[in-house]
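After this come two complexes, each holding subunit A, first together with subunit B and then together with subunit C.
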Partner chain A sequence: MKKIAFLVLIAASTFTLIQSCSKSGNSTPDKNNGSSFDRGAMLTNISTNIILPGYTAYQADAVTLDAAVTTFNTTPNAINLTAAQNAFIATYKAWQSVSMYEFGPAAAIQLQVNTNTFPASVDVINANITSGTYNPALLSNLPAKGLPALDYLLFGTGADNTAILAQYTTDSQAAHRKTYLATLTTEVKTNATTVLNQWTASYKTTFASNTGTDAGSSTSLLVNQLIYDYENLKNYEIGVPAGVQTSGQALPAKVQAYYSKISLALAKLHLQAVQNLYMGASGQGLDDYLVFVKAQYNGGSLNDAITAQFATSLAKLNGLTDPLSANIISNQAAVTATYTELQKLTVLLKTDMTSSLGILITFGDNDGD
Partner chain B sequence: MLMASCSKNSTPSPIVDPPTYSVPTTYNFSNANFADATTRLGMYTEISNLMKNALTGTFDATKAKAMLTNTGAPFATAAYNTSNIQLADQFSSGFKADVNNFIDSLAKASNAYPTAASRGVAGVGVSNANAATIYAETSLGLNYAQVFNKGLMGGLVTYQIVTTMDAIANQTIDNKTVVNGETAMEHAWDMAFGYWGVPIDFPTNKTGAKLWGSYSTQVDAGYHANQILMDAFLKGRAAISAKDNATFVAQAKIIITTMERLTGAAALQEVQETKAAISDPVVRNSRMSEMYGFVYSLKYNPKRVITDAQYNALLALFPAKTFWDLTLDQVNAIRDAVANQYGFNDVKDIL
Partner chain C sequence: MSNSASAYFNRWVKAPVHIAPLAVLRIAFGSIMLVSTIRFILKGWIESFYIKPTFHFTFYGFDWVKVPPGVGMYLLFGLLVATAIMVTIGLCYRFAITAFFLCFTYVELLDKTTYLNHYYFISVMAFLMIWVPAHRYFSVDVLISPNKTISRVPAWTINIFKLQLLMVYFFAGLSKLNYDWMIAAMPLRIWLPASSSLPIIGGLLAQTWVAYAFSWFGAMFDIFIGFLLLSKRYRKLGYALVVVFHLATGLLFKIGMFPYIMIFVTIIFFSEKTHIKLINFLKMLLPKAGHYVAAKDYRLPAFQSRFIYTVLVIHFIIQTILPFRFLLYPGKLYWTEEGYRFSWRVMLMEKGGTIFFHVKDPATGRRSEIINAQYLNNFQETQMSTQPDMILQFAHFLAAEYEKKGIKNPIVTADSYVTLNGSGSKLYIDSTVNLATQQEGFGHKKWIRPFNSK
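Moving on to the complex of A and B:
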């Protein structure tokens, strides 16, 4: 329950009392002869060239997936199953580029947990199929919906595609299962569409015009969610399955995309998406902001340190193999070593970057007390 | 020095009337004495630890109740046992009526161990994100350790602070006769400060801040209660000693208002915590229990602004049957209602 909220300003000598007096970060300390970094330009670049294209691609893939499932349900055969599976993989990959924008329209409908709560609960999924009732609003259904549930339904209901197909044709629950499958892909599509439309219609402007750095400003939301989502990647896609929270006891079934076996591919895309956001693609990003405020790290540039750690982390991921769940069993040490490098990047982003930019971490750690 | 550079209120502006006095920047009044309040918060900590560590079917409800009344030397800290003071006789009547039920409900869930908490089943549940996070929850998903904790914050701390401030605002406490180095009013004010649970040089120093002292910091990003309360406590105490009646009455009223708003802010903070744990049912239920505890505890505040009808409407927004059936819309409805009630619409998502 303890909320970890810390504010560290670049002028570390002005200590804690600032927290209670400084309301807006508009006066972010810059050491650049009084001029200030153009956050509006950075936000516009990020929304125009990263966020909107990301949502557009993801929504298009979600539409394709829903259509592929409709086709499959009408004509459940091997070809249509493969088409639905491929559409699912494309959607899951596209999701990796948009999962970090959990503010504004996405936060309003809790897109992240509605789309990607994993591991899926096979028990809850099967109970919903058997009962033929499903209330998407119940939070208890989070592990029975979204992409992880589809991962199970499309890849995990049988040992191979022949067995999976039987679940949708000859199995006693085939009709219910098809209905549930379609309900879930429609929900994924609807949520994606809702968020994309709100960004396009108005939030793009709201986002680009809220240029402060205080809690609730666009830069603060972006940085907070980048870090929050990055920690999800580090913890839930890599760390927890590798056993870092369970004294080394591996939990390989907890990986993202356990059944479709694309966990590592997704983790790489996810890390690249976080890095792309950090860099502002080829335009103004957080890297430029850090350079502007001359953020230092161990006598060098903080941006250089972060860039190097992104590269090291990706290299570690590249040294692993899919299925990640099998790799965890065959070479747990390599996966744990990857986690260690990812953790180093957390510190750089969460402590050094936020303190250099005067951004308050506003999300709580669920350490409980 | 830092304090002077940014706090608006602590720099004494020229006083029109005779009393001239300075307001210190820390609660270092030479005759201040709030040891009894500190002792009671220490007693609370022992009860809280008993609850936190008793998640394997061993929660001793009888001992917890004995700790409330300081009966039979129940505390590990020997000085508490011989202090001749207790928690229970300081509770609001409402909390006194509820507290045993809270403890018994927790015991029922805790003693169900090793049964896992699930919908309709009381027991001890584990977070799906962190195996070290464990809570005892009733069959409806309530963690009564948290309801007790928040209840005590309302039914002891807020109740004591608000009741004292009300008496001081009405000047019904003597401020002339000096007993043990201070007047009754000075001592009452000190006790209220002590119940807040912060170090004397708060908020520069936050070490050891407890209960509301901890929560006023947790919500500080959106509601700067730390400085509001510290300024008021310092200014009011200096004014009491200087017999500056108008000033201490004004500060007492600020504290009364702030304590209720702070409860609303804390409930909103738990909304955020609930959302942060939204896909983790056992943890989500516990966060909801904290939120519920804060909202429920509003009724222990005798000076509350919220009406009974508004209070009941707020409680009715919680899941009717069980926390296991929570929806996001319900969480948001609670958030919006609390934010409306206490004027936090602008900051409701960042507290």
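Moving on to the complex of A and C:
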């Protein structure tokens, strides 16, 4: 037995010499203050100060929008049209702050695709209006409802407001169109209300108390969905319209909010919302978590790198102009350059952040070894 | 010297020993495989890992392994369930264990996304079990034909499993003896604090010294546990350590069935007395147990033994060499992963990556970025982003896709960023190389950027 143990030790030390040539981390082993990061406090802060206010504002705007459309349908005139349009813009802006919470109540009703599948399909919308009946649950109706469809109905059915108004007054399909409009705003309102109510009723507690890091834990859901939603922003709000996936051939009509021409404003709000979640507003957020675990990047702090990249990305977006669809045509290079900066942020969030937190970044479930 | 060598050979290979440990191993392995397979099915993984993805990362040289169409995949898993039951109860054992080995290995070869060392371990164990008469005692087979019952088998039939387990632990331990694991306590320093919400011990897990303690204990455990289990004196202590160690890792990390598999199969190290007691205990639970048969030895014709010896010797030579093949490749193993699989390297890396592919039409010079999610599921994309051979496979797949779309000789490049054990993300592969023209093979992939390059 002794002989074997001796041989083992020799083999082991030889092996160590062979493979211990290089190290991976550039972080020096240092002691943290001995306590662990309080994920519960971070989750409570995020739900109380970011998610719930976000849903509350979005739901309130959705209610206002639905009411404005009801008023417009009863009395379709220029003033009520403008009121409905403004209510729509407010709702779409508020949506940017809640699109990344597709777990729990939102996931249960697939809020994201039901609310914001763009570009809208004008053909499907018009077919639905003409037929007068439609089933919102159908997958094929996703691009014919939600905010993108409302964007078309309220801003895209005519060249100007006079022409748009005609679609709801003198047009042969005016009655059907009004019904369709109302159905859509009602669904948006109902969905927003369902999610908000579940969050306030019980999910708030569920969310804050599930403090683990395994798949299905609140931190894991939050981080995974933040990244997923951020990639949607990068790809579908900027990249695809700029022609990144189509050999440089621009597809300006694919921007978010094509008809209301607020694409860039929305993209900025969206990025700021992602940043706000990352920072935990003014409380405990993912930034504090990364600082706590002393996550490193390129010799500096990872949090600094991420903060800087948020700033760079936002600065690039600020250099563009609305309507984004026109800007893509006039200065495609600038939009592509913005995309490149957004891409760098993807790497930092998706690779460095998740790896530093030891969070499973899989939307499904699987074993490791 | 030759005398002691032949004595040694006799003691470990030829000496007749009681068959009970083999019967227990058969039951333990069969039943844990049954649970494991059913768990896999219930989790819906057949659908999400094999049926839904349109593209699969097959192993080099095994491109012919394809997901069977229609309900084929379910039939395959049905067969796994059936053969696991047959192995457990010892019904048509040789056929059952061979079929189980083939089906299981086939499933594992379908997609390297799901590669796990413990799946490889299962294949190896099932392969070894093909060659031993584990059904000739306390089984349905001998219930049907009692004259087949034997009570003594040559020692090798049991010792091959001990040797295999010893190698698994020992190599796992050796691979932990490196800077990252021992000196930097990586990746446990990242992983353990992530479990800080556990009751009682949670607070401790965030402390740096705990990560060091776990790292060092883990390495020592892996290196020495096989020897502890072999020694009569420390066997009980060793097995207690096995149970505690595996249950603890099972609690802390998401490693599925692995801890239970190891706890079950390491029972083989116990003495034949213990195994006979175990069998007697099981007999009490059964209404109709096989009756006792007088001592009878297992005998094989000389040519058959010679054939089996040859197979086993080749197997163990391969097992010894494989974990060292990484030495043939330049660069840092964890970074390149050349020679990483099939070497019992477990839990060694916190590695994450993001990869963007571009396909360029050489005729127009225009290029498109690929949204990976259009072709891969998230699990596949995550695994691919840090493994060069998978990156190359996907690049070849993209090239073929774009050829179909009418682009001649598309140029496929990738911007890939990887972080390893907290290093911070760095450019992983040469983003100027046309991956479409790079060949897969056992040679070093020159387009992987060195870990230490700036």
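As a working rule, the second predicted complex is superposed on the first by the 329 of 369 C-alpha atoms of A that agree within 3 Å, B and C clash if a C-alpha of one lies under 4 Å from a C-alpha of the other, contacts with A are read in each partner's own complex, and residues count from 1 in each chain.
As a convention for this text, a contact is a pair of C-beta atoms (placed from the backbone, for glycine too) under 8 Å apart; a residue touches a chain by one contact, two chains touch by 3 or more.
Bear in mind the structure is a predicted one, so any value in this text is a computation, not a measurement.
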Which of subunit B and subunit C A:302 touches, first, second, both or neither: second
Which superposed partner A:264 touches (first subunit B, second subunit C, both, neither): neither
Touching partner for A:140 - first (subunit B), second (subunit C), both, neither: first
Partner chain in contact with A:184 - subunit B first, subunit C second, else both or neither: neither
Contacts of A:354 with subunit B and subunit C, given as first, second, both or neither: second
Partner chain in contact with A:216 - subunit B first, subunit C second, else both or neither: first
More subunit A residues in contact - subunit B or subunit C: C
Contacts of A:246 with subunit B and subunit C, given as first, second, both or neither: both
Subunit B versus subunit C as contact partner of A:117, first or second or both or neither: first
Shared subunit A contacts, counted only where both subunit B and subunit C touch the same residue: 1, 5, 15-16, 18-22, 215, 235, 245-246, 360, 362-364, 366-369
Complex contact set, residues of subunit A against subunit C: 1, 4-5, 8, 11-12, 15-16, 18-27, 29-32, 34-37, 39-40, 211-215, 235, 239, 244-249, 293, 295-299, 302, 343, 346-348, 350-352, 354-369
Residue ranges of subunit A in contact with subunit B within the complex: 1-3, 5, 14-22, 107, 109-110, 113, 117, 137-140, 142-143, 215-216, 235-236, 240, 245-246, 360, 362-364, 366-369
Contact footprint of subunit A on subunit B as seen in their complex: 2-3, 6-7, 52, 119, 127, 129-133, 135, 146, 203-204, 206, 214, 218, 220-222, 224, 226-227, 269-270, 272-273, 275-281, 283-284, 286-287, 290, 324-329, 347, 349-350
Residue ranges of subunit C touching subunit A (in the complex, touch as defined): 43, 45, 48-49, 114, 116-118, 170, 173-175, 177-180, 182-187, 189-191, 193-198, 202-203, 205-209, 223-224, 227, 231, 253-258, 327, 332-335, 346-347, 350-354, 356, 361, 364, 366-371, 377-379, 382, 385, 417-425, 451-452
